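The following pair of complexes shares a single chain, chain A, combined with chain B in the former and chain C in the latter.
Then we have the complex of A and B:
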């Protein structure tokens, strides 16, 4: 299937037809920002956004989800035996996801979907989902996707990429799944040649607006122990209040907790987002805590994203440069600055 | 797709109180479905996640050896919510087990070698598994001499006392049981801290691997003794503990540098640990 063009006047109809076949998640205005949410009417989807406040990771890895149910009533022969909670794995479309967030899912796959161990819920949701991306023409000052190996028009991890041409969307069909999904709709035509030239111009303009942050490849060469012991961490951690906002907004922070909740005789085992910023995250039953100090927790977050992940998976960093942590940090800790400090020769005192 | 978070249902067959302070109990568990026992094929040194519906899960070393069939055992120290509930459960109660998890002691490397086992306090569970495995008639000829240094603060805090006595009587394993101190006039074994007894009793480091598990203070003072005795870092093996949730390298909390203790460990050689940040 070659690329297609959808006039904006037809776009509502395209969403409607998608909704006839799929659950559709799209950016929905939520106060002064946008978040991805299931939509019930095409008008709820608002593609006039820069990026969502929360990353869309919750679509595959919900902030809180029931893993198992159980009964504790003594007379029940199944008492205390866990059974899988019912979940909806029917086909879904995520519409309007930004290239950085789609790339993040690929990075998260390295954790949830390996040859030896598969997280069944992550994998099944991923398999059921078509990602229809939306290229960025208006990147934020905090965006640094290009430094992390992505870009405002990057197609990695997407099934379809939509390019806003003003009057309509040019859609690059990238995968078989993307093709099948679009074929369930109608109301589109082939891409007019003038628009092809226009999108190339817009792509170059968007890329130019995104600054260079730091080169993560330098960190691969650095010795892990030396980076770990570097004095930069005292400086980096100084202002941090361990609020965890960075980890909750980050599309590649996947850490979770498992907790049981009981109401009368009915119980649930829940999986909940967790954060390496919290001391409880690593507290042993004995009281010992390998990361009891703030400096250890701050170091863990940056080392994991920018060094451990690269070393473990032989890949780029576990950061896509979406800039959410930079925007949301209440004390202005900036991962771009931390990356530069880590990559600096000798990795010593901040410039 | 198998769900790695779903525990196998098991029934508590029996519970033994191991220590005089009553803080350690050994739970003998039987799978409700015999097929699950086959799926739960483990190697000494691995651990499992014990699940108590309504309270949560804990990672615990497997105390039995695969040469023991029909049941698995876990020795649990009472420290928190899940372990306290476990200590109040009784034979016949149903709970759950997930696993087996983690790597194991490196049995391929240990083959044909002498083995020195050093344990302290209640960190003797996977060491018990290893001893039972090695002295099993099917396996004993695969290993050279076996020496065991096992210490606790007092005689009443030693685990598996009946088995220790049995092993003392065997000629194919050299036991060096010790306590930090005792006022028992009939105590017939050693008195002294584990590092001291290790220095006195350890075999030659030649062709020998050391496996050491115990409280951090014991490990701290025993490692220099092993080095002095000529054990190189690649032949000193230890098993680490961490707070864990998933047990399968996904939930993110038990890392040391780029390694997850639950999946890439819990067994590490000293050589491998020396290449990781000192954060455990």
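Then we have the complex of A and C:
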């Protein structure tokens, strides 16, 4: 299927037809920001957004997910048996996801979908979902996707990429899944010839605006132990208040905790978002905590994102440059600045 | 406001070179607009990184509990009251501190400004004192600073530090204002209306605990939400658990919160958490005639017992 085009005046119909076959998650306005949510009406989808406040990772990795439930009621034949919680894996579409977030899911796959270990819910949700992305023409000053190996028109991890041409959307169909999803709707036509030159221009403009933050490849060359022992961490860590804002908003943060909630003889086993920023994160049952100090936790976060992940998977950092942590951090700890310090510790100039 | 930057730098340089203090807690210029980063200057040369403007809303007293050595700290009115609470609760010793008092003209609320702009991103902002000059890719505007203050700053009645070793500017005039208009409006709601109001308020909460961690009065080594033997509060985003966290935190702050606004500033999803803490502030004021941290020799009422404490329930 070659690239196709839909006029914005016909786009509502496309969404309607998608909704006929899929659960559609789209950016929904929520006060002064947006969040991805399932829509009940095409008008709820607002593709005029910049990016969602929370990342869309909750679509595949919910903040609180019931894994199993059980009861201990004597007479019940199911008593004492952990029963997998019912899940909904019906086909869904995430409409309007940004290239950075789509790439993030690929990075998360390295954790949830490996040769030896597969998270059954993550994998099935991923298989049931078509990602229809929206290229960025108006990046924020906090975006730095290009430095992280992505870009405003990047196609990694997407099934379709929509390019806003003003009057309509040109759709680059990237995968078989994307093709099947779009074939389920109608109203598309072929791309008007003037569009490709225009989109190349817009892509270049967006890329120029984003610029370069720092080069993560430099960190691959650096000795891990030296980076670990670097004096920069003492300075970086001071402002941090060890909340979970950065980790919860980050599309490539996946860490979770498992705990049971029990009431009398009924219980649920839950998977919950956890954060390496929280002191409890590494608290052992013995009472020992290898990262009891804030400096250890702050160092861990940046080393994981920018060094360990690179060394382990050989595919770039565990960061897509979406900039949410930069916007959300209450004390302005800026991963771009930390990256610069890691790459060249002598430099202590801000921004 | 520029003058405060100069004064802080001079004071910090002096205190560090004379070794009067081991470190100075202040702010350095942030990497994004409307933000500054809390900074610990340890060498006289580092003093030149210190700045002070209308983007210094985070309460630096948050960093004091359990610090060792001698520390200078830049403190506006609310911060200084938080320091008094820390002193009363033995979280730091007075001898360790050199307080650089800053009479405050109020802090800017970036969300209020962003909301006014309908999606355009502010790239630069200059705080000129009476105005804030903002500019983006294709716009420039001058805003009246007073219209875009943090909500707690707009109703502040303690702009001048109540404790200090050096005052870095002329005291500002305090205002007489009704601090509890919004609280009374909620109090007068019918129970069902109130329940829906709070449910709506708390809905975006993602339990990141930025509010708690930005708060200088929240310094418990193990917060009640992290207790596990037994577990008191669930860690999902179930509304009951989320309410428990916010309500109980507000109660723990009763008579200790100085309304510095750091909690609201820190919240990544913009929840007006001060609606909980202000309610308790009002209760304590009415019951005990007490304002947190204003007098250096009066303990917060819920930290202590006095025979004249009101006991209306005894009839």
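Quick note on the criterion: the second predicted complex is superposed on the first by the 342 of 351 C-alpha atoms of A that agree within 3 Å, B and C clash if a C-alpha of one lies under 4 Å from a C-alpha of the other, contacts with A are read in each partner's own complex, and residues count from 1 in each chain.
Here is the rule we use: a contact is a pair of C-beta atoms (placed from the backbone, for glycine too) under 8 Å apart; a residue touches a chain by one contact, two chains touch by 3 or more.
What you see is a predicted model; the values in this text were computed from it and never measured.
If you put the two complexes together on chain A, you find that chain B and chain C both fit without a clash. Looking at the shared chain after the overlay, A:257 reaches both chain B and chain C. Between the C-alpha centres of chain B and chain C, as viewed from that of chain A after superposition on chain A, lies an angle of 90 degrees, to the nearest 10. Judged by the touch definition given at the top, the superposed model places A:217 against neither chain B nor chain C. Of the two partner chains placed by the overlay, only chain C lies in contact with A:327; chain B stays clear of it.
Within the superposed three-chain model, A:72 lies in touch with chain B and out of touch with chain C [touch as defined at top]. Of the two partner chains, neither chain B nor chain C is touched by A:205. Of the two partner chains, chain C is the only one touched by A:50; chain B is not. Contacts of A:336 after superposition: chain C is touched, whereas chain B is not reached. Contacts of A:119 after superposition on the shared chain: chain B is touched, whereas chain C is not. When the two structures are aligned on their common chain, the gap between the nearest CA atoms of chain B and chain C comes to 6 Å. Shared interface residues of chain A (contacting chain B in one complex, chain C in the other): 257, 259. Chain C meets chain A in the complex at residues 28-33, 35-40, 49, 58, 62-63, 111, 114-115, 119, 121, 123, 204, 206-210, 212-214, 226, 231, 234-238, 262, 265-266, 268-270.
Note for the complex: chain A touches chain B at residues 67-68, 70, 72, 79-82, 84, 111-112, 114, 117-120, 123-124, 224-225, 228, 254-260, 262, 267, 269, 271, 274, 276, 281-286, 288, 290-291, 296, 300, 303-304, 307-309, 311-312.
The part of chain A that touches chain C in the complex is made up of residues 30-33, 48, 50, 53-54, 63-64, 140-142, 235, 238-239, 241-245, 247-249, 257, 259, 261, 270, 272, 275, 278-280, 326-328, 330-334, 336-337, 350-351. For chain B in complex with chain A, the touching residues are 1-7, 9, 51-58, 77, 79-80, 83, 93-96, 216, 241-243, 245-246, 248-259, 263, 275-277, 279-280.
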